[in-house]
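First, the structure itself, so that you have it in front of you.
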Amino acid sequence: MSVAVVSEKNPYEAAIENFDLAADALDLATDMRNMIKYPERVLSVVLPVRMDDGKVLRFDGYRVQHSTARGPAKGGIRFHPNVTVDEVKARAAWMTWKCAVVNIPFGGAKGGVTCHPEDMSQAELERLTRRYTHSILPLIGPAQDIPAPDVNTNPQVMAWIMDTYSMMKGYPVPGVVTGKPIGLGGSLGRKEATGHGVYYTLESTCSHLRIPIKGAKVVVQGFGNVGSAAAHMLSSHQARITAVAESTGSIYNKDGLDIPKLMRHKEKTGSVVGFAASEPITPSELLSMKCDVLIPAALENAIHGENAARVKARIIAEGANGPLTPEADRILEA
Amino acid sequence: MSVAVVSEKNPYEAAIENFDLAADALDLATDMRNMIKYPERVLSVVLPVRMDDGKVLRFDGYRVQHSTARGPAKGGIRFHPNVTVDEVKARAAWMTWKCAVVNIPFGGAKGGVTCHPEDMSQAELERLTRRYTHSILPLIGPAQDIPAPDVNTNPQVMAWIMDTYSMMKGYPVPGVVTGKPIGLGGSLGRKEATGHGVYYTLESTCSHLRIPIKGAKVVVQGFGNVGSAAAHMLSSHQARITAVAESTGSIYNKDGLDIPKLMRHKEKTGSVVGFAASEPITPSELLSMKCDVLIPAALENAIHGENAARVKARIIAEGANGPLTPEADRILEA
Amino acid sequence: MSVAVVSEKNPYEAAIENFDLAADALDLATDMRNMIKYPERVLSVVLPVRMDDGKVLRFDGYRVQHSTARGPAKGGIRFHPNVTVDEVKARAAWMTWKCAVVNIPFGGAKGGVTCHPEDMSQAELERLTRRYTHSILPLIGPAQDIPAPDVNTNPQVMAWIMDTYSMMKGYPVPGVVTGKPIGLGGSLGRKEATGHGVYYTLESTCSHLRIPIKGAKVVVQGFGNVGSAAAHMLSSHQARITAVAESTGSIYNKDGLDIPKLMRHKEKTGSVVGFAASEPITPSELLSMKCDVLIPAALENAIHGENAARVKARIIAEGANGPLTPEADRILEA
Amino acid sequence: MSVAVVSEKNPYEAAIENFDLAADALDLATDMRNMIKYPERVLSVVLPVRMDDGKVLRFDGYRVQHSTARGPAKGGIRFHPNVTVDEVKARAAWMTWKCAVVNIPFGGAKGGVTCHPEDMSQAELERLTRRYTHSILPLIGPAQDIPAPDVNTNPQVMAWIMDTYSMMKGYPVPGVVTGKPIGLGGSLGRKEATGHGVYYTLESTCSHLRIPIKGAKVVVQGFGNVGSAAAHMLSSHQARITAVAESTGSIYNKDGLDIPKLMRHKEKTGSVVGFAASEPITPSELLSMKCDVLIPAALENAIHGENAARVKARIIAEGANGPLTPEADRILEA
Amino acid sequence: MSVAVVSEKNPYEAAIENFDLAADALDLATDMRNMIKYPERVLSVVLPVRMDDGKVLRFDGYRVQHSTARGPAKGGIRFHPNVTVDEVKARAAWMTWKCAVVNIPFGGAKGGVTCHPEDMSQAELERLTRRYTHSILPLIGPAQDIPAPDVNTNPQVMAWIMDTYSMMKGYPVPGVVTGKPIGLGGSLGRKEATGHGVYYTLESTCSHLRIPIKGAKVVVQGFGNVGSAAAHMLSSHQARITAVAESTGSIYNKDGLDIPKLMRHKEKTGSVVGFAASEPITPSELLSMKCDVLIPAALENAIHGENAARVKARIIAEGANGPLTPEADRILEA
Amino acid sequence: MSVAVVSEKNPYEAAIENFDLAADALDLATDMRNMIKYPERVLSVVLPVRMDDGKVLRFDGYRVQHSTARGPAKGGIRFHPNVTVDEVKARAAWMTWKCAVVNIPFGGAKGGVTCHPEDMSQAELERLTRRYTHSILPLIGPAQDIPAPDVNTNPQVMAWIMDTYSMMKGYPVPGVVTGKPIGLGGSLGRKEATGHGVYYTLESTCSHLRIPIKGAKVVVQGFGNVGSAAAHMLSSHQARITAVAESTGSIYNKDGLDIPKLMRHKEKTGSVVGFAASEPITPSELLSMKCDVLIPAALENAIHGENAARVKARIIAEGANGPLTPEADRILEA
């Protein structure tokens, strides 16, 4: 699912606009806004990396610490061609607010490298990751700023970051990243944690709105860690997942897709496309399907000014970071 | 003298263009260019600072490390409304090349805060400086990156930086800045060093071109530390300083200005304007005066595509950082 | 309740006298006494602090580490006009012994600043606290010496200490103080912990002496964190709190005071005085009341040679640090 | 020469009184006085030390940092029965002022242990020194506070301090003390430096007062490092050293003592007493001798209210720290 | 029981041989073998230690880090005349594999000093331990390499190591060793942990082989921490411990020894020899006794090529490190 | 020139034997011998290194700190197939003694890796060097232990060591090695320093023995940095260098070789063999040539029990480390 069409607004401007809406609602003084609105530190680094063919290419990387007022900064590293400094700044701001809302003693940060990881070998990704880690090293640490996986980064990437950092210190520092491989000190259940969080939030909301989970019609946009784990939990509580969208294609089954089977299908083929008991559907059809719950679990700004009016879900359960633009918010609230 | 008119090109693009010219001349391989062309780290910080009236304003600050390949990074901190991230990146790159050309074991860095220091009280400047120092602290240090004064920063500002850094360490760390007050470990002769450097370079050039310093007609653009010290050395070797330009106005005396007296006049009045034995002149007239030596010692890009053709000096002795745009270079070489 | 009358003996001499009594009882060798009797380190600092009126006043501060033999030193910071180096040394020694008696792996320390905090603004207290923290900084740290609140210091003061220390390190160090605000990593239940400890100790003692808590007549001297939490626990177990003393006045109700209501009264008015269902009483009357339990929960040396003989309680449950002088001990034991 | 009789005033009070005299003369504002008058940190430590007979004795030690405003603190460690916290505070203040007067970038500190070093074995002194060093360790360091020898401490004691500090760091840190043995990085000429300084100051004064050094009659009180080196320089410039005082006795020769021979005599016998070409004299006679120059080079307060009036020297060249009490100053000025 | 006879192979060669067997079974690539087979670091230190008679003797000490690939290295310190560098290398390798097999995030290390601890006073052992700790200090630490007790080292030795390390750091670092005294932060149950582990493993095995623990005939070689705790657990589950061997002698009772009584006997007399309800037996007889379970819980290589064929136990439960040589393995498997 | 034939004694045993001879001569007490005779720390590391063909090979590396009693340890890193732990221990001991003899404040260390550097690519050498540096990192540092070049290591290898160490610290640490490239902070004149030292020593000796340098007949064994620089100095003082030996062959010219030309010949061809104005000679002939001065400047133990008797030089000027075995010493002295 492309984010290209949603570029009416850059993510940082959207985040700042959201901040102002919230600050207005709280009647927050200008002084205080000036203290907590903007990112404390934005570090841009240039990464010359040797490719497998011997050439040195240049990549741009970022680490943004939006706020450390409530504790060490915390936030994931994204490897994606759409990574820009403003995109990272927006995600860092969201991290500050997310940590504060659930009252955990962490501030907000995010990082990223502009690259096409799917075109790179493991060796190239390792060299890129190690170089990036070395460049942002003065800012990170278990008590300062703790990276985590994000889009296109995984436990292996975290292991490289941890190893690079640990070599600098001379001993293993597992606390410098979360999302490590279990064998290096990673947490059990981490992979499914976000998806399960979506489910538990949804369970509260449904109970509040008196919509039974059992039999509820659910559409899931994005079938990565978050979307698939949420779908799995929902289907095991007998919700009906009628449609699933992915960047490679979207599928539909009006009686509900068999999620465990779909997960195995994706594991084998790398995509949900071609799943036996399903028919193809366009992303646009999927978003405008009538359903009880729509779970946008892909990238930010997936629901925006141009498609928001077509959404027909009773509940939108946000599984991605900032999947609705402020404009979409206004349209949907109206 | 305003730099506003010279904005045909941002300084970073100009620096990169210069790099490419030099790299082409050296037939430098693409890989090597990718390794040394771009700044290693660009740190942007947001500085909420309490003003004397109790309000908190937001300032933007930067520290750019262009290269640490040859040693710790080194470069000044500028407080100026024209400070932008690209301007700082350009100045950092020039530092790398300047240190390398004279073969001292330092890399290049620069910093700056976008502000109007002339409208701020000492207390506000101190709070701004301390906050800025705290924000860039993970990147600086005697063995990592050593700030220095630049436009609108002085030994007092360096003392605040040193004190903020030292408080973090728990003991005095004079090595974290150069350009400190003498009493805190600063170097004797530092204030005049750049201007004297301009003189010694000029002496070599004049000797090479067989132009006697004695009696040479010199025009000086900018009468700060650099311009005044160069003028003083030249006049003590009996050169004739016929015109001096400053942002507050420019003056002229065809028989040569009495530089020691002019320096005392400026110390008293804050400007060269109104100096007894002189008449006013426009910046444009000054630049196009026929002379042996023109010393641009103000800001970067002072000589650019639109005024370069009017320059009638036999020698341009660069006292500022990057006072000629690449376009000016081309025009003057032609 | 003033400690002024009890100055027959300075607290440090009293502590040393207590030590010798205990050491005699244990037949402790002179060598061992010389090793554990005296404070390891006594740091006195002079604190010039700018007041809100612009003047710089001088304050005296102290941090005493009595013993680190059993682990990092631990103990509170007091802001009080009666703080003297000997008073702090005494309290530090008591901390060593308290930690050892309950077998937790900490040594003993205490700190304080001689000042009248009730006459100081929040801004003045903050500057005083930050200056004090900076001055004692080489001695404290999560693994060395961990301050905590004491008389007139509270979670806000701890937050300032933590922030000053953290700024020096460059990242948040919550472990440098206990008694922080919950939001910065403080412990739930800490406020009531000492008072609850008094209750649980009392429960054991009463059970041992076969005095039922239910219906027991209790007199509480001091109605701060400790006294009020102990009283609250006792009243919820149906003890009768018949009298409560505070520095602002003391009150009495022979049928027992309604403690939850009294706590709300104090929160509103800042004092127990004027509580509806009560009559005033002098401190001296209160101390000599016949009761099952007397809880001295104010300052040290509250029961001394001149008033000890008048105490008519069956149990004295010590809620303050060292509320009995050695002389009082002897009188009460006789 | 005993300092016992001079205890009309404790040294710290004398130092503070001197400060106030100077501050009054400078018309120094109260705020500034509050900032620079008092010692920043006074650390008192208790040192249990095992004696050669197996017993553990308790010693009191001190390290006072009077000011670090001008750089790392600097000052000697004294082992003497008269060491008290006030004596150390006074000497630390003098160090601040001495460093400032000669404009070297150091603040002032001093330390000491109350003990009778002449009754202790080398092994006992080593254990005492190591324990003391360990106790003051958080405050000292090459960039924080650098001890040096003082009365009864010597290069060997400095070597123990350096070794104790270095063991804590894991590698040699010669910069933590001055006055080390040459073989461990000590400075050549250090031993004689103070005495030579006395000579050079005297040379200026004599030239100013038109008193020829050659033939000048000089009385020296104290024949340690300072007094003997000053006497040696003076005698090699043909001054006549007619009397020398020491704690073990004083000697006199109206034609001048042969200083090189006297130095060898003292090296052999440990005292100036019994020197061939001399006759004994009482300390009181010595002080009241008519002479051109009197050099008090023993301990502080040697010339005080009760003996000042008897001094008949034209110049008093102070070779010790604070050898004149303020009262003596007043008497001598009158 | 002497290990002298088993020296057909040095322990390191045996460990490497075992590694190769396992690597062959896993079909491990040569590259990978080269990365994980050999010890990463072998530190040999020479320890001059002053004996109680004043003489300085030289001891050899070792610390070997076999692998830190899975986390900080972990392993005990042995004081024994048979300690050699190869013996320590073997034990370190076993630690790597043991930690990996039970999947805890630690690598493997071991240490040792070649000495006869039973002939040394406590003071000598303390000096030896402190010197050894100082020498290996750059390699150890809570995040790098954590020593523990092994043969002839105990909680007291760990306390000395912790204290030496902590003095170097300036504050207590309990995490630098495990096996500390409880009072310094040691773990409850640690002493019996290995023996209980032997029991629980045995319980699984017996259940698997359908051999009831109740009534099982057990022979225990070595009655230190491991052997006695395993025997105690087994006897409390009604197994019959028929024979116990120690270096001082071995005993036998066909109906089972009363283990709690035997433990008290050993505590009193220092040996199992002479226990009332038992008869003596030779080590050789003991090893060849018919039994259900044989627990070698003494030193490595206790069962080797020359005695393996005589073993008649149904289960060998290894309580020591590497008690079977590879040759013994082959013989017993056949 | 092969060292293979000289293995009658391993270098460490030879060093220890030399120590004992010197200690006997000094009548050194056993205690003191035990403190300074043996290496303080011997670190052996295993280095898995990836070769250019993708295979991982295992190398053995060593770093030995013989003594740090007089200051940080100092000594070179050798890459050579003959490197063994005993060879490194011997060279480290010699470093201690060499530094002590010339009274510079350094202790002695040495390091090495057993490898055939001439068969390895630059990339392989870089990976080996970086891995080795990482493995010995806890022991080295500007204040602890400072490596330097030795046989087969050069400024490039030092640059790799410095870079690996600096990356670990996060900033450049030029002080961690000597013998760096000039551009990274290396010292001018270092390359020739040892050879010039040989010359200056020889000059003193010749003057003492009244042998004129001019015309002296000199034989040089080893024509690397040391041998060639010594030869160059000697020839510029008109000595006659009649023979030069190298591992690739030896040459002879009875009238003296033209050293500057020979140096250019070697630079071009990599060997002295085939030099125009010379004839070949066997190593054995060379050693037994009659000459004034023989300079063994190759490897240790070059002159040993079997060839010493044939040496016919009047002076042996040792340019290598330990070029004579103790047996050779005895033979030559006789």
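Note that the chains are named A, B, C, D, E and F in the order they appear, and that numbering of residues resets to 1 at the start of each chain.
Here is the rule we go by: a contact is a pair of C-beta atoms (placed from the backbone, for glycine too) under 8 Å apart; a residue touches a chain by one contact, two chains touch by 3 or more.
What you are looking at is a predicted structure, and each value in this text was computed from that prediction instead of being measured.
Both chain A and chain E are touched by C, F. Sharing over half of its contact pairs with A-E by residue number, the repeated interface among B-C, C-D or A-C is A-C.
The pairing of chain E with chain F is characterised as same-residue: of all residue numbers used at this interface, over half are used by both copies. Chain B and chain F have Cα centroids lying 50 Å from one another. Contacts with at least two other chains are made by residues 138, 169-170 of chain A. All chain pairs that touch, listed by label, are A-B, A-C, A-E, A-F, B-C, B-D, B-F, C-D, C-E, D-E, D-F, E-F. Chain E meets chain C in the complex at residues 169-174, 183-185. Only residues 30-32, 34-35, 38-46, 48, 55-58, 135, 138-139 of chain B touch chain A when the two sit together in their complex. Across the complex, chain D meets chain E through its residues 134, 137-138, 167-170. Contact residues on chain D toward chain B in their complex (touch as defined above): 68, 70-72, 103, 105, 141, 143-144.
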